[in-house]
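Handing you a structure now.
To keep things simple, chains are lettered A, B, C and D as they appear, and every chain counts its residues starting from 1.
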Amino acid sequence: MTNTMFNSCIQACSNCALVCEACASACLREENVQAMARCIELDRDCADMCALAARLMSRQSELAKEFCALCAKICRACGEECAKHQMDHCQECAKACMNCAEECERMAV
Amino acid sequence: MTNTMFNSCIQACSNCALVCEACASACLREENVQAMARCIELDRDCADMCALAARLMSRQSELAKEFCALCAKICRACGEECAKHQMDHCQECAKACMNCAEECERMAV
Amino acid sequence: MTNTMFNSCIQACSNCALVCEACASACLREENVQAMARCIELDRDCADMCALAARLMSRQSELAKEFCALCAKICRACGEECAKHQMDHCQECAKACMNCAEECERMAV
Amino acid sequence: MTNTMFNSCIQACSNCALVCEACASACLREENVQAMARCIELDRDCADMCALAARLMSRQSELAKEFCALCAKICRACGEECAKHQMDHCQECAKACMNCAEECERMAV
């Protein structure tokens, strides 16, 4: 990756996107899917936002900073929801989301 | 990431997607953009394919293996084109594409 | 849209992608989410595949035909699952998927 | 499409995303690619933003309105750049972008 300025945020977003995808799929395989509906909903948005954030930063897009500000919001919302659930996939996702939120907030300034 | 089976291929695809985005943007800033047109075109397709491959594997989608077979093709095409150009971004992209092609081929079997 | 050759397939894919997104979200709001888990899973894959199919065709990508062949498969799988459920969002999605499968199959030849 | 509230904005975004993809590809085939570099760069960002805007609205995501506000900005930037170029693909793209910007601005309020 050549964009050293954005590098740690790109990695955090790229990782968070995939952890959210995995979390949504694992939630769908839980016995009580009902209880995971909100988590799945946020995972989907968070995955899409983080994936595009990583893309825009890799491009050094002029949109990147403003996008990161919005991305941080969904990361926090998703991380807070995931943190409520004890399954490993949700706990792992909560950590990835919170880390990504911090990276995006730092980028957005 | 919980999908250990797919793990190294997910990482290769995720990395390749972003390196292709960065390469396309760097190509657009070259003095002779004309010479890079084919490279940019392939970078765009390769970035999209690799990003979706990483997503599908993270989801453990039943489509993942067949998708990886197709993804390997565009990675090879993009890697071969990039390898022709001496700029760092193209050489780095060629490496990421070839590595990703191998990982996807292994996954596709 | 300038790609008249691909035009009706692009429209079918573009529409199917969004109908699948709407169907997944509506499924998550059903009382018995459990029963919709498979539908949501397929909706996610189908939405991503159709969205990328539309993109590749709009670009006149050399990958478009092979991609459409794979896209048709997930459209059929998603359409068959949706057809089993009586809710409007699933019935509408089944129709969009089947129409898209046919368009993609025609394109793939 | 079941989201009547968002419907015309979803259609504008979905169309704009694909017109931008087509415009970027057509720009890459122009004799003077150099002159189109900025246009291609904006087309890529605008295509990605509009595609995700359409997705989020189709999901009735709580992020949709804020996302549309940001999407409107890139649509305007891309539309203004495209409007400078006389080729049909750029003129068509300028129109799609400006229409999409207006729809997104209306949605964002």
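Basically, contacts are C-beta pairs under 8 Å (C-beta built on N, C-alpha and C of every residue); 3 or more make two chains touch, one makes a residue touch a chain.
Since this is a predicted model, take the numbers as computed values, not measurements.
Taken together, chain A and chain D share the touching chains B, C. If you average the CA atoms of chain B and of chain D, the two centres end up 25 Å from each other.
Put simply, the C-alpha centre of chain C and that of chain D have 22 angstrom between them.
The set of chain C residues touching two or more other chains comprises 24-25, 41, 44, 55, 59. Taken together, the touching pairs cover every possible pairing of the chains. Those residues of chain D whose C-beta lies close enough to touch chain A in the complex are 41, 44-45, 48-49, 52, 55-56, 59, 61, 63, 66-67, 70, 73-74. Listing the residues of chain A that touch chain C in their complex gives 24-25, 28-29, 32-34, 36-37, 40-41, 44. Listed in rising order, the residues of chain A touching chain B in the complex are 1-3, 10, 14-15, 17-19, 21-22, 24-26, 47, 51, 54-55, 58-60, 88-89, 92.
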